[in-house]
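Look at the two complexes coming up: subunit A is in both, with subunit B in one and subunit C in the other.
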Partner chain A sequence: MGYVFQGLALNIVQALLLLAFAPLIAGVINKVKAFLQKRQGASVLQEYFDLAKWWKKPTILTPYTSIIFVVAPAVYFITSFLAASMLPGFLAGQISISDAFIFVYILALGRFFMCLSSMDAATAFGGMGGSREVYVSVLVEPAVMLAILINSLRYHSTTLSGMVIDYDGAYFTVSAALACVAFFLVILAENSRLPVDNPDTHLELTMIHEGMTLEYSGPLLTLIHLGSMLKVMVFLTLFGALYLPLAVPLAVKILFGAVLIGLVEILNNKMRLFKVRVYMGAAIVLLLLAIIAE
Partner chain B sequence: MQQVVSSEELLAAALQVYEQGKHPLTAMFGRDETLNGAGYAIYCCFEVPEKRDVHIVKGVFSAEGPLSYESLTHAIPAAAWYEREIHDMFGLVPEGHPDLRPLVLHESFPEDFHPLRKSVAVNAKVRGERKFKIRTAKGQGLFQVPVGPIHAGIIEPGHFRFSQAGEAMLQLDAKLFFTHRGIEKAVEGKTPEEALHIVERICGACSVANTWSFCQAVEKAAGVAVPRRAEIIRTLLSELERITNHVGDLGNMPAGVGFNPAISLGSRLKEQLMRLCEAVAGNRFLRGVIVPGGVRQDITPELIEHIHEVMDATAQGVEDLAAMFREQENFQNRVRTTGIIRNQTAKDLAMVGIGARASGYAHDSRKDFAYGVYPELGFEPYTMTMGDVAARLLVRIGELSASFEMMDKLLDMLRNCHGMELKVELTSGKGEGWGICESARGSNFQYVALDNEGRIDRLFVRSASYPNWPALTIAVQGDIIPDFPLINKSFELCYACIDR
Partner chain C sequence: MDLLLCSLLIYLLGTMTIIWPHKLEMTAHYAGTACAIIASGMVAVISICYLVMPVGGLLVDTDWGSYSLAADGWSSVFLAITGIAGFFISIYALDYAKGYRGSRIRALTGLWNLFLLSIVAVLIAGDAFTFIVAWEIMALVSFLLVNHEADRKETVSAAYQYMVMTHLGTAAILVAFYLLGSHSASFSFVDMMQNTLDGSLKHIAFGCAFAGFALKSGLMPLHTWLPNAHPAAPSHVSALMSGVMLKVALYGFGRFAFQFIGMDNIWYGLIVMIVGLLSAFLGVLYATMEVDMKRILAYSSVENMGIIFGAFGCGMLLMAMHLMPLAIVAFTAATVHAFSHSLMKGLMFMSAGAVMHATGSKNIEKMGGLLKKMPYTAFFTLIGAMALSSLPFTSGLVGEWLVLQSFITLAQQAGTPELRLLVVLSFILLGLTGATALGCFVRLYATAFLGRARSHIVDKAHEQPFFMLLGMGIAAVLVVAVGILPDSVVNTMQMLVAGPMTAPMGNPLGIMWGGSGHYAIYSPVIILAVTLVITLAVAIAVACFGGGFQRREVTWNCGTVPTERQQYSATGFSKPLRRAFDSILNSQRRTEYIRKDHDYFGRKLQVHLEIPDLFTEKLYKPIQTWMISSSSAFRHIQEGSVSLYIGYTMIAMIFVLIWGVM
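Showing the complex of A and B:
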């Protein structure tokens, strides 16, 4: 029994570690983007200061919102945190609670609550953001499932830890290369980055994820932002652990993924909303090819 | 030329000059002449490019007769806003107008308050409960999206009401004129020199165009010609203002689609240009140089070389920016076929500037009215036919290269111009005149009437954004709402220009 508790504790330690570094990775992405625009940019630590600032601010609730509005950010954050604890362990001795399907749908639960809350305040921008988020997630979900299926086929396991590629032996197969590219496209769509969504915009009419958060302030807003940053971290970790066929330490892989996101965001502009299905279609085709190659 | 008719004959006379759109309605405004022993009057100004003239049809109302006339809007769609404004400002009723909601005066004004009547004091305090009904589409599953008047960016106030079927925009109604400043009222009784400081500050983006058209009007009223060196300097400032605005707009359009490197390059180039403006005029908005009768300061030989250098660097930067737009397939996909204005729409609304020229309507005051030294520069308007966001982008790029060429010629003309006279004195006295100047957004029209002491009796300002705002609500139809910011930025319409 003792080792179960010890394993669970390690899972939580792992999630806390990812949480602690999530704002740093967000800062790195912003710095890369600034650098590529020949701007000096904010410090890589800026996201920590921002989170602290939002935390200190009061929460303003409109009288028209229900309990959903308050609960949703907490659910969103907790689901991100759970997902982080389910990642294939980089600390020895964790227990495996990490079935891939549970992982995917725990994240979906968080998103579901955010979509609910976006409609709760009954503002036009929130509702539009929520409906677009559902549209994007409907397209993203099959891609994520396919990406997981590739690894299940290869390792005959549906647990995330069972799928982890051998860190030491880099392997280059056609299937791995295709899956790597496709999963990166999925990361961008899943985390509301360019070219699917624009995390930096102030134009409410174009927003997807940001549109849902417009009515939030104070600690609730902090939770949403922290949850989003953690989600990026979770996907980058998964990308590094499962899909990036390079024989380097995981931390380097995560950093590499962050730089890649910054680079892609500079090279791209936002696509037409209805073109997202073409974009996700491309990712799905790549994954299907990868499965055939496997 | 001016043609005076009675208010009953206004429609017939106007239609005769209009000739089914051959001579576009450039402006329409009212005037209160009750203090001069006459009644109210409505001026309809039609452009007659072949004569380089504006044909003004003046419809006068008899002092005792009814304050209503037959609306022009059914025959001349461009008259719609002007008639609403005259209705607000003077209380002259266009019979049969399809949409006679208030335009300028919102809910906080009383029903029967008409500020441009001479009987209303300039500092009159009023409070009212006027109705303003925003237009919406109704039906099952349709919903509305209200945006503004306070926006997320630091811009001026305007309320947009979208009637939506999902993401598709069915209808857009724009409620503007939130910060009406009463400029036309405030300058009454001032000398042109005093009024200049106010006219110059109507808008930050086209202060040269506003000042120059005001000065043209005043000079026409006084009947003086401007020294050649002043004309060259005015033309140069006008092109410098156009280049600054076009570069700023080009850098602003990619912000609608999150194309970050282009935004950065655009803002860097614009900052260089605004610093150049500061070196030329002593301020970043080119204010204080153009005055009635000429210009106040010269451009020194050192400054000529400095302008030359910055123009070369800017031309290179614009080339880079254009290449960025060209090579980014994803960007091309966003701008093509988005926000289309058809050629006939542009003509019906008497659109001006970029919006008109991108729809194949070659309207450009620099060519049509050949003011300043433009006739010597061999200028031709740059047009595209698609009428979409891409066309408006490309027209800006095309005009920029034309402007760079003209700048070269203008700098040469300045180097070789031996006359050093900058300004002539104006005689003050009764008179009236109009001025027209092509700003970065299109033609700015102004009309000035001076009383016996040479003080302003009526100033009318019609900036380029005025006829183009209604076009925006047409351009968005059939597009989806996340494309609205991009379409809006492609017109880059000004709130201050209409909040005069």
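Showing the complex of A and C:
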């Protein structure tokens, strides 16, 4: 049993590491966007200061909310953290306690509670955010399933650690390139980035994720923001380790992914909500081609 | 074993409540339900003991003239499902059915026992004759139970629709049994097993059996009775119908597939898999559009039976490819999901009953904020909703994970491009189904239990009596227990479909499956342990170092006080999905102006939204129209004039004479 506890401790250490750097990556994305807009922009450390500020503020709740509203941010944060601890290990000696499907369903647990809490505050904005989150997730899910399928076909494993790019073989293939592009589209949709959602706006009719967080304040808001930053980090790590077929260190790949997100966000507008199915359709077709080319 | 026959006698004793004197109707109800609880508990214990420690031989093996009873492992699994679900739903019925005091409660309780009895009888039938008799009793009794609130018009029409459709299914099953029986010259299951059909007769027998059982389990396009019958029936009856009766159809189909027909034809598996997966997605899509709580659950049953049959078809396909060691994961997935669905759907129908009991309505658009009025029910419903969205730590994910693993296994083995494309499409459907199910139950739970009350019916809502809570509580505990410690259930099912020789998938830490290459592991215990550690850390951090809780304040609403009508409605919640899949749903929306003084303000509108069932509109209604028009064409030869009829007789006689001469 000893190695199990040691492995679990390492899993948690890995998640803590990712957590520590998650606000930095969010800062990098913002800096890239500012640079491309010819602005000075906030410091890359700004997200840390924002989180600390929210954390110190007291929580104010609407009178209609129930316990679900208070529990949801914690569940959201914890599921992101769990997902981070399940990533293919970059620390030696980790153990695998789940596979890619469980990874997806752990994140679904967080989404379930966030969508519930969005309806709990009894306002129109929350419900709108929850409703759209469900809509986007329905369109994203098939692409996620196919992304798992293609890697499990290639590496004969459904565990995340078993799917890591094998640099000994032919890793830069047509199907790998197609899957890489498709998975990047999935990242943008899954993490509420442009062109699917706009992470910078409040009180616009276009928002999805921000609509759900509108009623939150104080530590609860901090947990949600930290959770979504961690989720971006988790997906970038996954992108680097599993889908980006370049033989460079993982940290470089994560930074590359962050820069890429910034670039895409500058070059694109928020797309009309009902156009998202065309966008996700493109991702699915790319994955389909990748599987046929495999 | 004689104990099982004893439990049948107890059910029969419970049925006697029908003839108790009217004055003692509540005593009759308590006595009858107690019989159902005891007998179901006995069935559960006996079948679980048999499954855990198979003593060799059959669980039941009795012969009475033309009737024979025989129960093997496959029967025992479904007996266990029946026993467990029957047990907690009967406990729930102790309090729930009290609402029918003065309206034939004796009949309700008596028929409840008879319904359970007939289900058990179907499962232990040893020959086709007994099977069909028990199957017919089950159909008739469930018809009477659906029709219990016969003073409501929609109940009667739903019940008769169910009656007609279930008999079509029985007819198909009869044909299948006839083909098998006439070939093996015996209706005993043992003889049928030894004489398998071949050629086109086999295809016909398979088609009939699949159609018949698919109808009973509510697969599309034969599902149309299900979303009408479930809401019409009393809630505990819907819970038993959805949780158990649909699984009995899986039992029957499994017996045909495993023993009577075989799976060597690749098309059989393909058909079952495709029908299953399409039902899964369309079922959950319709579920997400409904506002009637029980209709949502009914369509969700279509979805889950679709997933179960999809996995079963996947297993049949792997068997047809001669990959028996790999096919076990698919059959295990189907049975585990069937078991877990009986728990979670039983739970959810019971909570739908509790909500109906509290508010007097099934329409979630009129609810809201029920969590504060009925916290225990809300908690149990949350567990049910999580399980049906197949989230971690519930039994839902155990089944779902095995289903996904079996499809990955199929994908690994898919050699031809056609098969690979099919697997890709199955994954797209599974992904769509999973995410839509999550949306569906978020919508159901959030609209009914969270936020603010949308109408005054919530004001008088109250927590439910003890036995109703106990019934739901047992189901919720089982859902979570199986979700966290799945190994015993998974191993039992695996041993059943694969024999004791294979390496068990479950171990105390979780489930493992290595058929798709490397080992895939799902360990809910360890994930739970990590979760608890992090939860503790987060709780301490928020409580000790966070900014704390200050006060409650009404949301800023641009200077106005938010009203409860500004909340998102259930219909609004699913609107993006409705638009995205409108080519399938074909929703009909009509806006009516009740008052319109000006183009932009001072208006009062009414929006009518209708989402007709695709198959009712495109398949059943044309058939119905055609039947009516063709029978009215025959009306012309029947004008009512006596001389014309004499003319017909004469013409017929002349024909007969000519035919006789030739």
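Keep this in mind: the second predicted complex is superposed on the first by the 287 of 294 C-alpha atoms of A that agree within 3 Å, B and C clash if a C-alpha of one lies under 4 Å from a C-alpha of the other, contacts with A are read in each partner's own complex, and residues count from 1 in each chain.
By definition in this document, a contact is a pair of C-beta atoms (placed from the backbone, for glycine too) under 8 Å apart; a residue touches a chain by one contact, two chains touch by 3 or more.
Worth saying up front: this structure is predicted, and the values here are computed from it rather than measured.
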Which of subunit B and subunit C A:124 touches, first, second, both or neither: both
Partner chain(s) touched by A:277 [first = subunit B, second = subunit C, both, neither]: second
Touched partner set for A:185, first subunit B, second subunit C, both or neither: neither
Which superposed partner A:38 touches (first subunit B, second subunit C, both, neither): first
First, second, both or neither for A:198, with subunit B first and subunit C second: first
Contacts of A:72 with subunit B and subunit C, given as first, second, both or neither: neither
Partner chain in contact with A:134 - subunit B first, subunit C second, else both or neither: second
Touching partner for A:269 - first (subunit B), second (subunit C), both, neither: first
Greater subunit A contact set [subunit C / subunit B]: C
Residues of subunit A contacting subunit B in one complex and subunit C in the other: 124, 128, 273-274
For the subunit C and subunit A complex, residues of the former touching the latter: 368-369, 371-372, 382, 386, 389-392, 397, 400-401, 404-405, 408, 411-412, 417, 420-421, 423-424, 427-432, 434-436, 438-439, 441-443, 445-447, 449-452, 510, 516-523, 526-527, 529-531, 533-535, 538-539, 541-542, 545-555, 557, 562, 564, 566-568, 572-577, 579-580
For the subunit A and subunit B complex, residues of the former touching the latter: 33, 36-39, 124-125, 128, 194-195, 198, 200-206, 265-266, 268-275
Partner subunit A, residues of subunit B touching it in the complex: 143-147, 152-153, 167, 254-261, 263-264, 268, 328, 330-331, 333-334, 480-485
Touching residues on subunit A, where the partner in the complex is subunit C: 4, 8, 11-12, 54-64, 66-68, 74, 77-78, 81-82, 85, 96-99, 101-102, 105-106, 108-109, 111-112, 115-116, 118-124, 126-128, 130-132, 134-135, 137-146, 149, 152-153, 155-159, 162, 215, 218-220, 222-223, 273-274, 277, 284, 288, 291-292
